[in-house]
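We call the chains A, B, C and D, going by the order they appear; numbering starts again at 1 in every chain.
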Amino acid sequence: MEYFPFVVVVWILCVGLYGVVTSRHLVHQIICLIVVQSSTYVLLLGVGYVTGAVAPYYFDVPVHTPAVDPVVQALALTDVVVEAAVTALLLSFAIQAHKRFGTLDPQELASLKG
Amino acid sequence: MDQLLALVVAVPLLAAAAITAAGPLLGERRRILDALAIVVAAASTVMLVVIMVRTAGRDEVYWFAGFRPSGGVAIGIDFEAGPLSAGLAALAALLVTAAMTFSWRYFERVATYYHTLMLTFLAGMTGFCLTGDIFDMFVWFELMGVSAYALTAYRPEERGPIQGALNFAVTNSVGAYLSLSGIAVIYGRTGALNMAQIGAYIGRHPPDGLVTVAFLLIISGLLIKAAIVPFHFWLADAHAVAPTPVCVLFSGVMVELGLYGIARVYWSMFGQALGHRAAISHLFVALGVLTAVVGALFCFRERHVKRLLAFSTISHAGMFLTGIGLLTPLGLAGTAVYVIGHGLVKAALFLCTGIVLHRLGSVNETWLHGRGRQLRVTGVVFTLAGLGLADLPPFATFLGKGYLDQSAWAHGLPWVMPVFIICAILVGGAVLRVAGGVFYGLGDPPSEDSQMAKMAAEEKSETESGKQRTPLTMLIPAGALTAAAIAVGLIPQLGQVVQAAAVRFEDQAGYNATVLAGAHITHPVALAATEPAGITLSAVLAGLGSAIGALVLALAALYWRRLPLLRRGYEPGAGLTGPIQRFQSGVLNDYITWIVLGLACLGGVLTAVIR
Amino acid sequence: MIAAAHTPYTVPIGFMDALQVTILILVAAGATAVVLTRRHVHQVLVLSVYGILLAVLFLAFQAPDVTLSELTVGAVALPIILLLTLAKVRKREE
Amino acid sequence: MTPAQRRWVSAVGIAGLAAFYLWGLSGLPGFGDYPGPYGFIVLHLAVKQTFATGIVSAVNFDYRGFDTVGEEFILFAAAAGTGVVLRRLRGERERSAVDEAADRDVPATSDAVRMVALLFTGPVMVVGWWLTSHAQANPSGGFQGGVILATAFILVYLSGEFVVLKRFSPVALTEAVEAAGAGGFAAIGVAAVPMGLAYLTNYLPKGQFAGAVSSSGTIALISFFVGLEVGAAFILIIGELLEQTLLIRQGDR
């Protein structure tokens, strides 16, 4: 258990990268990029975890109850926003690419461009 | 408490929001907003110059929301401004101002998006330069990135911009996520995000796998942004198709920001922990020299003027990385001066290319041959800037390059100087060949390369009307930037002042004390000794030699087919076409493959070095 | 500070471990499935499921805030914009 | 490279990168042994300093509020970028809504779906609002609330009223709201400056009871503006895509 979450992190990253590299369709490629980024959430939350601790909310538990690290959670939240923003932008590129090129295969895009 | 450091980021952001909100209300009177955007960028430039001058004696630290560190632990985010970081941000703001002035009469009007994105881009660059917090750095890096991707695709009605923007966005996003992974890894060890605090923590122990991996992951995004071989492929695709005023920012300062990031991360976090090993210095120098040579060769072969300038940027990025990688104050100081000179000159070259595109509607060197004769002033500015790019004294480029070479020489790398002179000759020769052919009609048009012609044909005029004359708003920024590049080179004692700043930048203990304890470091101590930073004869000769060499090379390329001695039909650099098409394939998947493979190799080398 | 975790609010550690390992395995499998699904609309649905798995994992990591974001973004908003894109792209492929 | 070459080269690269990465991760303290100090210090101080019981919100909107400013503007820039890229270009025309309804691939929305979607819109907006306004207390905040508010928009679309909706939320207005959200956040920060406080200082009274809706000073206010910005940005992005999918056709070129 000690390092299992981190092995999963590496696995997600590598699977995502493999997908990005082998993809033949831009939307598929963008989704693989989402997978690459999802490895960072797991890593962030993984490094901030404290065994047996509660979530960092003191609404209904006494203050000073041991809690997991709130900082990585804030970072992960920022990360989620970044993901949404970048994905939206990339998808708008993909739509235009499809209009201009009539295809979404990166290989064909490159050869059609000139 | 002094608020300037916060305002340099807050003001452009507020202005971006205000312009978006007010745009539809003003209708046809939107020129007011254009003017507002230019004024804000100019004001940012002034504020950053003030900060740069003010920090000449000591660095300034600003804690957001007033959360000061206690006991060496930071709980808030800080900005840490020194002359080098503020100076680079000031260059960025200056180029944004110039680019927006240039585009006053340039674009078909599309709501207010252009100005909004330019201002968020500026805020991102400024924040990236000044921040002292590693996660905050990632945030500004992403803001810079997202704005830049969108600006690249500013003309979505054409094929090139969309494809270039996609390659740019995906490669840089992969890099950013790897950087974020590195940040998370180092956070898992140190429980800190403040760079000084992390540096202090990991500096106590000899480096292990975690530190090495975090270092490589964090700089991977920056290496991609800095277009270091083999992570450089996206750059030519994106620079060739982005609107010309945006290219000014991409080439003039965004790539350099990636390099700045590497220097910042090294000198405030990892330097002490990695022990400033010679092997690491050599690794950076090797990468830098490789990039410089590859960029220069590709640059000389190119016929698409914007791509040509893009490859020249790659070549220069390699030289900058070499300067940083020497790990000496003079190397860093030389790089800083070189970055300023190069940024100004390269911006002027792109602006002139923009004028050519505006007036003549093409960027194909072969087609343009002899057609730019009536653009006299533009031709003069372009030629001057081209000479500046080839390190002609007294352009600031020659000074920076001179320091860099001198420091390399003093640290047992004498071969760096001749290699870089050759690179400067190739790059300068390519640019001057364009100048001589397009503006003066010298020699023969270079042979048509069908592939490149096709690409250049995609690049149509970006402007709508009024092509009969060049508006002054386009010409003045280009001329002013060239003049500024000369003026910077003429500042007396520039070398000593910048070297003093570089010493402070490379003083990790001093940086720690400044940030975490609010200390006032008057006598920073860098790891390597300072060196005399005057204008040496060898620097002048090297600069003159590069410029003359570049001129000769340009003339030789133009009159190649008339030289009786040489075999006809042989085209200089023709042998490079194959590799260019093979590697610079434009296929996103290839680029990511090279990035992954390059990182794996770098990881292997670093593992061997650390063990 | 950490050792004093004997409040009634903590979950038995063994149970938590098993839960986390199970979900981690599911997440790893989910990521693989997302990448290997080559039919586009299917892939978006798999991505949505992956988003939910991640959200559950974050809950098990005691991060309800991130769970909520991942649910709203990863499992709802992103699949919607992806589906819209695919709808646009498919129409022209006919 | 051919796809096969690429597969092999990348397999080597990914394997090398994975090994290297694992080597680094093996240096972490094991899972569940977060060493601190950052998070523990924040946990210790946050309730006292900010009167917020949702510590993640305290970090996001106060301790590391400056990150969140940048984050909001990333979304802002992305929305502007989507606007740039998907703007109506020459040669593209907008189909009338009637035309569009006739040959839509999907069968026309049934009345039941419309009713359900419309019925859900209200509650979804309430939930979004609640999340946006309770950042300081619970696992919630402007971001999640904003996204949920934007999904209310999608429900209206599902109910088949996109064209109606477009009339009621024109792009210019949404953009203005978005700008107000992002700019408002930055402006709250700047407001501290004339008071002689650092940018983004939490200068409002923090209330008497930790976790109450009116507690925690600027945290609640910032959360509100973030909600505005995020909601408007998502509405803009989704709106652009909807417009592409439903209304815009390629003209003859």
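Basically, a residue touches a chain if its C-beta (ideal position, glycine included) is under 8 Å from a C-beta of that chain, and two chains touch if they have at least 3 such contacts.
None of these values were measured; they are calculated from a predicted model.
Visitor: Trace the shortest sequence of touching chains from chain B to chain C and report its length in steps.
Guide: The fewest steps needed to get from chain B to chain C is 2.
Visitor: Can you work out the whole-Å distance between the CA centroids of chain B and chain D?
Guide: Taking the mean C-alpha position of each chain, the two centres sit 31 Å apart.
Visitor: Whole-Å distance, chain C centre to chain D centre, using C-alpha means?
Guide: 18
Visitor: Report the inter-chain centroid distance for chain A and chain C in whole angstrom, where each centroid is the mean of the CA atoms.
Guide: 10
Visitor: Considering chain C alone, which of its residues make contact with at least two other chains?
Guide: Correct list: 1, 63-65, 69, 73, 77, 81, 85, 88, 92.
Visitor: Which chain A residues touch at least two other chains?
Guide: Within chain A, residues 1, 4-5, 9, 13, 17-18, 21-22, 30, 39, 46-52, 55-57, 67-69, 71-73, 75, 77-78, 80-82, 84-86, 88-89, 91, 93-96, 99, 107 contact more than one other chain.
Visitor: Listing for chain B: what residues touch at least two other chains?
Guide: 135, 139, 142, 146, 149-150, 153, 156-157, 162, 181, 185, 187-188, 191, 193, 585, 587, 589, 592-593, 596
Visitor: Taking all chains into account, which pairs touch?
Guide: Inter-chain contacts occur between A-B, A-C, A-D, B-D, C-D.
Visitor: Using the touch definition from the top, list the residues of chain D that touch chain C in their complex.
Guide: Contacts found on chain D: 40, 54, 56-57, 105, 131, 139-141, 143-144, 147-148, 150-151, 154, 234, 237-238, 241-242, 244-245, 250.
Visitor: So in the complex, the part of chain C that touches chain D is made up of which residues?
Guide: For this pair, the touching residues of chain C are 1, 63-65, 67-69, 72-73, 76-77, 80-81, 84-85, 87-88, 91-92.
Visitor: Sort out for me which residues of chain B touch chain A in the complex.
Guide: 135, 139, 142, 146, 149-150, 153, 156-160, 162-163, 165-166, 169-170, 173-174, 177, 180-181, 184-185, 187-188, 191, 193, 451, 454-455, 457-458, 585-589, 592-593, 596
Visitor: Please output the residues of chain A touching chain C within their complex, sorted ascending.
Guide: Within the complex, chain A contacts chain C at residues 1, 4-5, 8, 11-12, 15-16, 18-19, 25, 27-28, 30-32, 34-35, 38-39, 41-42, 45-46, 49-57, 61-62, 65-68, 73, 76-77, 80-81, 83-84, 87-88, 91, 94-95, 98-99, 102, 104.
Visitor: Report the residues of chain A in contact with chain B in the complex, numbered from low to high.
Guide: 9, 13, 17, 20-23, 26, 29-30, 33, 36-37, 39-40, 43-44, 46-48, 69, 71-72, 75, 78-79, 82, 85-86, 89-90, 93-94, 96-97, 100-101, 106-107, 109-114
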